[in-house]
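Notes follow the structure.
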Amino acid sequence: MTSPAPLRADGRAADALRPIRFTRGYTMHAEGSVLVEFGHTRVLCTASVEERAPPHRRGTGAGWVTAEYGMLPRATHTRSDREAARGKQSGRTQEIQRLIGRSLRAVFDLQLLGERTIHLDCDVLQADGGTRTAAITGAWVAAHDAVAALLAGGQLARSPLRGAVAAVSVGLQAGAALLDLDYREDAACDTDMNVVMTDAGHFVELQGTAEGSAFSRRELDALLDLAQSGIAQLHALQRAAIAA
Amino acid sequence: MTSPAPLRADGRAADALRPIRFTRGYTMHAEGSVLVEFGHTRVLCTASVEERAPPHRRGTGAGWVTAEYGMLPRATHTRSDREAARGKQSGRTQEIQRLIGRSLRAVFDLQLLGERTIHLDCDVLQADGGTRTAAITGAWVAAHDAVAALLAGGQLARSPLRGAVAAVSVGLQAGAALLDLDYREDAACDTDMNVVMTDAGHFVELQGTAEGSAFSRRELDALLDLAQSGIAQLHALQRAAIAA
Amino acid sequence: MTSPAPLRADGRAADALRPIRFTRGYTMHAEGSVLVEFGHTRVLCTASVEERAPPHRRGTGAGWVTAEYGMLPRATHTRSDREAARGKQSGRTQEIQRLIGRSLRAVFDLQLLGERTIHLDCDVLQADGGTRTAAITGAWVAAHDAVAALLAGGQLARSPLRGAVAAVSVGLQAGAALLDLDYREDAACDTDMNVVMTDAGHFVELQGTAEGSAFSRRELDALLDLAQSGIAQLHALQRAAIAA
Amino acid sequence: MTSPAPLRADGRAADALRPIRFTRGYTMHAEGSVLVEFGHTRVLCTASVEERAPPHRRGTGAGWVTAEYGMLPRATHTRSDREAARGKQSGRTQEIQRLIGRSLRAVFDLQLLGERTIHLDCDVLQADGGTRTAAITGAWVAAHDAVAALLAGGQLARSPLRGAVAAVSVGLQAGAALLDLDYREDAACDTDMNVVMTDAGHFVELQGTAEGSAFSRRELDALLDLAQSGIAQLHALQRAAIAA
Amino acid sequence: MTSPAPLRADGRAADALRPIRFTRGYTMHAEGSVLVEFGHTRVLCTASVEERAPPHRRGTGAGWVTAEYGMLPRATHTRSDREAARGKQSGRTQEIQRLIGRSLRAVFDLQLLGERTIHLDCDVLQADGGTRTAAITGAWVAAHDAVAALLAGGQLARSPLRGAVAAVSVGLQAGAALLDLDYREDAACDTDMNVVMTDAGHFVELQGTAEGSAFSRRELDALLDLAQSGIAQLHALQRAAIAA
Amino acid sequence: MTSPAPLRADGRAADALRPIRFTRGYTMHAEGSVLVEFGHTRVLCTASVEERAPPHRRGTGAGWVTAEYGMLPRATHTRSDREAARGKQSGRTQEIQRLIGRSLRAVFDLQLLGERTIHLDCDVLQADGGTRTAAITGAWVAAHDAVAALLAGGQLARSPLRGAVAAVSVGLQAGAALLDLDYREDAACDTDMNVVMTDAGHFVELQGTAEGSAFSRRELDALLDLAQSGIAQLHALQRAAIAA
């Protein structure tokens, strides 16, 4: 998968992540607050604890983890409309926030969480491709910090976290499989896949789309190999971040 | 993949599709109108031709293919709210209609289509799992009939269809990979994947979700094998339907 | 009222209904599910039983019957916008569904129904004029089947249905009174009236509109005579349908 | 139809209108501005001229007449929600404003009006039954004044008004037919009918609803007789008002 | 502040109010109903008593006073859109109704009011500048009448009103400070300030905006002097109105 | 105005600002991007240039400056609902963004700006009182940077900025006038005033509200003095920021 000469605009190897950074405690009010950076993509992920479960969980003893996603109007190259002003969230926004919620619930024992809700807010301050994968990866660190606060405060005796979850994008450009696409690469790729995995090496979500021509099983296998190796690195970076 | 004794409630083998039926010309006004049935799931797919392109395509010489999805309130076991009465489409509805639109565009040469729009309306009359995969598979037949009408009417000289597209769901239940899940199986599965492919054997969309525990690469590979064989059968059934 | 030579495009006499058909059990989940056809007009009417009354009836011992109406986007000659996508129901839709609800409540003893709700969903699959009158006429059959299910299941000891209700349109075209207008006739008529009656021969609703020139009392009387005779035929057809 | 002893709370005979009053020039900005009173019911009707037609009329040379209806929150016995605050107009509001618009268009020659729009705004300041019939009757006077202004200003050479239109409610209470129902009578009636007629004695709209038990053809005929006589009086009052 | 020659179109002195009129009991259903006129500006202010507090006050023993503001479509020179039809209140409307609510609460002892709500509806029938100041000034008289009804009816033993509140606009036109601007003056002014004060001579709200060039502290002081003297007159007129 | 012993929780003198910081170039896509901090309050202000004017300015040769305001859900002590998810902006949000827009337009020569639009987006990342005054003060720096880019790029020959604008809050707590209130002070104050001024020492906006008891003219004068001195300091800090 490595190439003799770098084929990417920023000089990265095909199988290299962008520089990844987690800044914990980025804002002061939330139980967990993490700025996650995947290269120029910057997403503020906060985890807020609410001491009651949503209606569909009440009386079950179990809690809930949910996510919302937003993009500041000028996080992008050209300004996009503010969703609050337009009066509704786009289909894209809803797809992404549903994906983040499912991904995080995959590593939560909701029974152990008890009848409370963790709200994950992922707001993109600056976008350069991969905002949803950065959001999932950063939201996990924010969720971890919120859980740590609940353990420290005695509201929880045991952690409801069963493991870590992280996500990365992969794509096919002119036949080559690339890891962690930036905005220009994402636009240029024929196929774009977002992969979410646990630190136990299992898949949580897989969303592949052929933007240009459809892709073969062989190409799919190459993309999956690349995603697995990239996510393993992200899990190591998450572990380093929470140990800091 | 075959099992000595049937493990499914309806007696199907693990790798068998439900009975599939296409009824063309189901309603009289649309250029293409197909009732597609995947077992008890029944979706009315109409293709409507509009002789102008949407704003973002005007002046480019190219057209557009777009989809909308709906579910009659009592298509389901218990009545669900009417989206028109609630005043908005759910995130699930938007996700599905975006998926149908992308899947169909994958086999259209939009330049050859010219500055017109094909609207695919997929309305679920009766739901028993797999409504989105039935919708994609049926919408292709409806789109084919609308294209045939344009060719017959002389509006098009060459077909903009580059091939066929079909979709199926696969899932893991207690470790076993099952093809074309009905509602009860879908609810019982740990993992649910929707796969969209062309009749050239390539992938267009892939959406896998671990509802219960995450799934391994080996399990993923088994699901992909199963989906590929199921979609090949669907393509044969589509060909038979349009030849009728 | 009969004419020596047929004056209608489809060869019908001025006082003849279109072919009427009721298909019971059209879909499988609803307590009552009827496809009603008035010529080319096809409306799917489902009756769903909810075991609680709406807020304004709770604690009164009495129930409620309510209706919603929709039109598939391509039920019509040219595709119309999907109301769920536009985010609101049109004034026309609301008028029609309020009319259907009032018409059906006219033959229900809501006290005998008890604190439950019957939701009537009338969705037009194919439109060729008279969708609201077909919807009322078909919804009554669906409601009958839902009541029969409640009686069979022991939830009700006595039927809350006090009789049958049916509806038809009449219109004046070039001075002649026509029964059961199809789309082209409806557009060509100077006056259009929808009449809803019980099988006891009484009026429930009457909505007449002069689209072109206003109409005289004599013309009104002729339209009422024609509607009365048409509705008597519809009641006979309803009786035959539920006896089948 | 007259009764030996008055049977109505306000001492009116069964076939008597409430005191009717038109105050022209009630507000200063509108081309026509009329406060109409039917007893305690008070509706402000303004006619505003816009010098262009709505999109569906442009280029046809013909104009349009349209109506909107509103009720101040405390026009009623108990305060009702403000529709602007709730974010949508109720089905009832839409039904009424569509009725007013159709009724007024029935006496307009839209070709003579030319490519302009007359907006009729009917806002209920105080409600005591019959707001829609008062609105139609008052809106005609406002429309007349706006047309007079156009004629006086030279924008129109000939009046596009082909006659007058007025409306009244009738109802059946304990078998007796009553003219021009107030709020309490309206609530007590088994049947409520709104009738709209031209001063040529023809019907424009007819909307009858059996609130309690269905009504016979004989009862319907009595109601129509009563409405015809009441509307004749209203037309005389309209003529007197515009002559003042 | 007085000028040798009148500089205002209507001949008023710079420090003179327009003719002010309060008509109590303007409509019959509301507990308080006042038509307030500031020159040609006419606002109907009703006070409606609801015998329960809004959710955020329940169980506190204290009540609430809230306001809504609306403008009839043709209250203005040219017709404006109906907010109920557009489906939302403008930012301007919301600003004004929040201002009215805060202003009235400033003179209410909400604890003495008890767990009930007073809804103030201020609807502009005719606009000629200063609608928000007229609304506040008239709403106080309506609120007073509603309180008097509660005292008379024994629901309240002591008045929760701690005093009166009134409001006026002031502006700078070509360097001169003007009191109580009409529409044309408001449009011509460089600075527009709305001032709300109690009859104890204290400020409740102050909202100044430089429409053209910014204003100096000296100009601000002159505007405040003028507003204070105008509001003192309004308080005298309110006292006279409730004594009538 | 200084106090012998500090009376504020953070040890500030009554007439002292919180630490103020401007970080220019905070994000990379916007023409101007400034993180402004007033103590713990942090607002990201971006200025985006659009090369066309809004509809109401087209063809006039003049441009427009407009603002939008938002608050991340967990910018506050407890999480608040996301406005995009609720489907509308609150009245408070609209009030604030209208205030920011007016304030910035006060220092722009819109004719010199030409037919283009500057969009100011002010998004609160962390809130501790004074978000609207920080937003105005920071938005001016962002607008300055966007103008500088237009001058550097040759789109503008002369700066349309006529000066600087800044804002601060002042309040009365137990009779003492305090400058630049943080969240707790804001909640505790009887009166809260937001003042916007130009660097020429003139007022642009003034919004004072008596939250508790109304305030006297003498108290108002003290607040205005304090605001004037605070804003002079803010202007010096803005000048330093753009010189950096």
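A, B, C, D, E and F label the chains in the order they appear, each numbered from 1.
In this text, a contact is a pair of C-beta atoms (placed from the backbone, for glycine too) under 8 Å apart; a residue touches a chain by one contact, two chains touch by 3 or more.
Predicted model, so just to flag it, every value in this text is computed and none were measured.
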| item | value |
| --- | --- |
| If a chain touches chain D and chain E alike, it appears here | none |
| Chains contacting each of chain A and chain E, listed by label | F |
| Identified repeat of the D-E interface (over half of residue pairs identical), from A-B, C-D or A-F | A-F |
| Inter-chain centre distance, chain D versus chain F - centres from mean C-alpha coordinates, in Å | 52 |
| Geometric centre distance via CA averages, chain F-chain E, whole Å | 28 |
| For chain C, residues contacting two or more additional chains | 87-88 |
| Contact footprint of chain E on chain F as seen in their complex | 88, 91, 94-95, 97-98, 102, 106, 193, 197-198, 200-210, 213-217, 220, 224, 228 |
| In the complex with chain F, residue positions of chain A that touch it | 27-30, 33, 40, 42, 44, 46, 48, 50, 68, 70, 72-79, 82-85, 87-89, 93, 119, 121, 123, 125-127 |
